[in-house]
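Next come two complexes built around chain A: one with chain B, the other with chain C.
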Partner chain A sequence: MKISDRDVLKIAGLAKIKILSGEIPKIAAEVEKIIGFIDRLNEIDCEEVEPLSGITVNRAYEREDIVDDGDYADDIVGNAPEQASNMFAVPKIVE
Partner chain B sequence: MNTTGLKRNYTPDTYKREHNEWEVVIGMEVHAQVVSQSKLFSGARTVFGSEPNSQASFIDAAFPGMLPVVNSFCVDQAIKTGLGLNAVINLESRFDRKNYFYPDLPAGYQISQFYSPIVGPGWVNVHLDELRTFSLRINHIHLEQDAGKSFHDQHPDKSYIDLNRAGIALMEIVTEPDMRSKEEAAAFLKTLRTILRYLGTCDGNMEEGSLRADVNISVRQPGATLGTRVEVKNINSSRFTEQAIEFEVFRQIEIIESGGRVDQETRLFDSISGKTRSMRSKEDAQDYRYMPDPDLPPLILNLDRIERIQNSLPELPDMKLERLQKDYGLPYHDAALIASDREIAAYYEECLNTESKKHEGKVSGDKAKMIANWFIGDLFAYLNKANLELKESKITPAHLSELVNLIYNGTISGKIAKEVFDLVWSSGESPSKVVKNQGMQQITDSSAIEAAIAKVIEQNQDKVQEYQSGKEKLFGFFVGQVMKETDGKANPQMVNEFLKNKLSAG
Partner chain C sequence: MQNLPDLTLSEARQLLTSKKISATELTAEFLKRIEAKASWNAFVTVTGDLALAQAKDSDARLARGDARPLEGLPIAHKDIFCTKGVRTTACSLILANFIPPYESGVTQRLKDNGTVMLGKTNMDEFAMGSANVTSHFGPAVNPWKPKENPTQNLVPGGSSGGSAAAVTGGLCLGATGTDTGGSIRQPAAYTGIVGMKPTYGRCSRWGMIAFASSLDQAGPLAKSVKDSAILLKAMAGHDSRDSTSADMHVPDFEQAIGQSVKGLKVGIPSDDWINECNDDIKTMTVNCINWFKAAGAQIFDVQLSYAKHALEAYYVIASAEASTNLSRYDGVRFGLRAEGRNINDIYQNTRGEGFGAEVRRRILVGTYVLSAGHMEAYYQRARKIQSLIKQNFIDAFDKVNLILMPTAPSGAFAIGERQDDPVTMYLNDIFTVPVNMAGLPAISVPAGIDRRGLPLGVQLIAPGFQEEVLFRAGHVIESSSRFVSWHEKGAIS
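What follows is the complex of A and B.
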């Protein structure tokens, strides 16, 4: 599968990663290689295999509706680079 | 299961312009916060307005290594909602990650259900008024997490993030584009809110954001294929829904008629100006890269569970509306008002139960209507004035039923009943006790009424002569005097009858 410069920029945009224009050809080639490797999965015929979303258990375990967590706001914001009144302070988001 | 399609028993209005006629097509995605003690995937509380981050757990804050486990009750609530909307319940559903970056979404993805939602197609009947009804199709309902909350007004160049709301269960209820006017859209939102409140699956509190709608709006010439739709985000009232639609319809018609094309985009509604404005356009349309969440195995339901929930469903507003009209002959307007809220309906039906117990299981249409009048006329007026909720009223359903019986059997007149009502309202004592204590029984003893009439005639000889010489308007004066003489307690029909005889006899 061919990966264009535009594809690289789009993926970088979605991932919020800054890429310098000089890096694009190198990254495009690398991503193309990775996709090519994964593409080999398409060679497998799984027409008759049921879709599987996990390999450990086959159905969700459900918990009861009980409050048994919370009340540690200090720990929640403890690792934040910046906080105010137990909230995360981030650069202003303007919509 | 029934799969009634789109139907309406009337023709919706179109927008007629100089050269063209336009029809609006509306679909909705409604986010309803699920009523539960703890969050969808964590054991943190879900209370509105708590101290910042006090109800965020490490799971909600997406700390590394945390494993989400689904809340069984939230699953039940989604099933219940699906059944209440006549929908198919999917025995197997899955959770997916919806990826996007925003500071109030710490994991960088929202756990949602994209490929296989828990609830499939359904339908709901909506009444616009007594005569106009339409039914609308539900496409599906899926479970997902709510995001945290951002505050933009606390600091000049910072936004503050509180994760208390992060992870609370939401049901996203997605309709087909079946609405054809702003009126239908507003009516649907109200109906949905009522149903959810009856079911107890969402409190419907729009001010607190428990119910918010994304509205998809497009216009077309009647019969043409669907136009390009615009999505207006996060509307939290029926009135705003109407305003946003009104604005969008004219904006879109304007663009098309002047030769342009409507962009497929997401817009924000500004409730102050009543306008919508562009939020993001198609070029940078979100690409959510949905993928199955490897932390969460498929959600498998069995039929017993669905049947148990089906059996726990209350009578829903539509059925109640019909029953109140059919069984008690209530006019549509009264029945619709009573059925519009589960608490109101419960109060009224408790009145009817009291009545039915007293009278061998029977409630006459007369009394049902009288109770309805006192309930939605008088009691509502008192509650509004005192700014109280129905459950805070000292007047109980038993009181209301008793009051109506006192009028019905002639113990008090309708006029005195207003005074009795007022005293019951302030004291909480039963109407019959109030009537007895205050000596408010109606006078139906004819000799007592005749005596009062004689006295009034005696004292107003001049007026009697005027009346007899043709000034018939004075009749009201005599009635008033007799009522005054009896402290308003004389039976009005008897007073009228006796006075007429007496005065015409000369």
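What follows is the complex of A and C.
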């Protein structure tokens, strides 16, 4: 599968990753190489195979819906790059 | 007495409980050695004061007869485990200042068992790598040197490279790691130590920074099979905070050490793709087969034909999950925030600057395979291949109790090598990835030395939740190869 510069910009946009224009050809070549490698999967006939949904042996279990953790909002907000009034702060979004 | 950093964890446990040494003395010795060997870059954070305070508490407990199972034993944690109040970065710039407000399930268990934490170890950024060269803090260095070029710096493997370097180099008694595609076993093989990847679900993933959640599993890196068994016993167990954590009994794995393998059925994959390794590895494999035969095990051929494609399927599934998991790094709630005119700019600039090249590549590939029009061709197909791989193992385990194959296609290589293109690096994991894809337990045990004088590892794979047979059989390899003593012979300065 050929990966063009436009493809790179499209997926980088979806992934919200800024790519500098000078880096695009190199990244396109690398992603193309990886996708080329992954494309070897097409050598296998697996039309009739059921896809695996998980490797866990146990069924997902339920637990009581009770709060057993918390009360450290300050520590959590303390990791934010910007905070105001004990809340996460971001630039104004609505003009 | 033996040089303290050369002790195995079980030897140190014996000396501590018989009060021949103190936890404080042991901890201080390791801290001194960590400082002396700073050039290995094995640690990204050293928690000296905390370690000495924990050691003091351990000494008090030992004195009053209130010791926990691993009381006073200094260990290290891969910097992917959240440690409350201690910086946890996953070796990424995007998390370079992150202080977790909580403790991971695995490190909490080890703490509750009495271990002393010396610090956090280096790793590939977000555990994406096979050589510890993608770390934001620079590569970790393998303490082993090739005999023909004793100044050359080799990789310790990855992604748990710092843990592996720290254990083999005598900077701690054991360490935690995580294994998504081989990140415990491959570095263990490259550094001549024991790496155990437990069954998916055996250890809690709570507080372990996520890479590919359906594959990530924690496990120990240790100097001996016995140490590995002791550490896994302490790490494993159900955790209601991880919905994939198995609610199953954790056996006393140490009991498996020394048990006979007479009559045990060992499978050797006869597929061509398993032979894509160098001659030293092939010799090592033959030696292991002979050791098992001599110990009374029976050898059988098995086929793992679809496992050949595990790596391709892995790069679809792991990248897809990584692209989803890493979407949380947005510069709002924690970690780095780059400048931007609006919120979208902030997201894009933060993620563009904060992630290293390999992590960006994997997110891009993951986004690509999940994007509209590609999902069926890549993701669904990869899940089908995963089904076939799992069935390969189920069929093999109808015939045998465990499977033996190399851990990696070669020994350690030089820092800077195999970086021409990403796929060359990925191929280091060709033998380890199938195990993750099937959720099975596997152990890498040192089993030989290559012509450069560097360690090689053999991998033993068992059915789910049968780690005991791996410890039992791994100990036979260890005793036959007498590898542990090579470390003491001074291969490492």
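The rule is short, and it goes like this: the second predicted complex is superposed on the first by the 90 of 95 C-alpha atoms of A that agree within 3 Å, B and C clash if a C-alpha of one lies under 4 Å from a C-alpha of the other, contacts with A are read in each partner's own complex, and residues count from 1 in each chain.
The rule is short, and it goes like this: contacts are C-beta pairs under 8 Å (C-beta built on N, C-alpha and C of every residue); 3 or more make two chains touch, one makes a residue touch a chain.
Owing to the predicted nature of the structure, the values given are computational and were not obtained by experimental measurement.
Undergrad: Identify the partner contact of A:L9: answer first if only chain B is touched, second if only chain C is, both if each is, neither if none is.
TA: A:L9 contacts neither chain B nor chain C.
Undergrad: Would you sort A:I24 into first (chain B), second (chain C), both or neither based on which partner it touches?
TA: neither
Undergrad: With the two structures laid over each other on chain A, which partner does A:I35 touch: chain B (first), chain C (second), both, or neither?
TA: Only chain C is touched by A:I35; chain B is not.
Undergrad: One more residue to check, A:I93. First (chain B), second (chain C), both or neither?
TA: Both partners, chain B and chain C.
Undergrad: Is A:V67 touching the first partner chain B, the second partner chain C, both, or neither of them?
TA: first
Undergrad: One more residue to check, A:E50. First (chain B), second (chain C), both or neither?
TA: second
Undergrad: In the superposed arrangement, which partner chain does A:S85 touch: chain B (first), chain C (second), both, or neither?
TA: first
Undergrad: Quick one: chain B or chain C, who's touching more of chain A?
TA: C
Undergrad: Considering each complex separately, which residues of chain A are in contact with chain B in the first and with chain C in the second?
TA: Comparing the two interfaces on chain A, one with chain B and one with chain C, the shared residues are 14, 16, 53-54, 56-58, 60-61, 63, 69, 75-76, 82, 88, 90-91, 93.
Undergrad: Hey, which residues of chain A end up touching chain B in the complex?
TA: The touching residues are 10, 14, 16, 53-54, 56-71, 73, 75-77, 82, 84-95.
Undergrad: Hey, which residues of chain B end up touching chain A in the complex?
TA: 36-38, 42-45, 51-59, 61, 69-75, 94, 99, 101-103, 150-152, 154-163, 268, 279, 287, 289, 292-294, 296-300
Undergrad: Residues of chain C touching chain A in their complex?
TA: 97-99, 101-102, 199-201, 214-215, 240, 243-244, 246-248, 306, 309, 312-313, 315-316, 323, 327, 330-337, 340-344, 346-349, 351-353, 355, 360-361, 363-365, 367-369, 371, 378, 380-388, 390, 421-423, 426, 437-439, 464-465
Undergrad: Using the touch definition from the top, list the residues of chain A that touch chain C in their complex.
TA: Residues of chain A touching chain C: 3, 7-8, 11-12, 14-20, 27, 30-31, 33-35, 37-44, 46, 49-58, 60-61, 63, 69, 72, 75-76, 78-82, 88, 90-91, 93.
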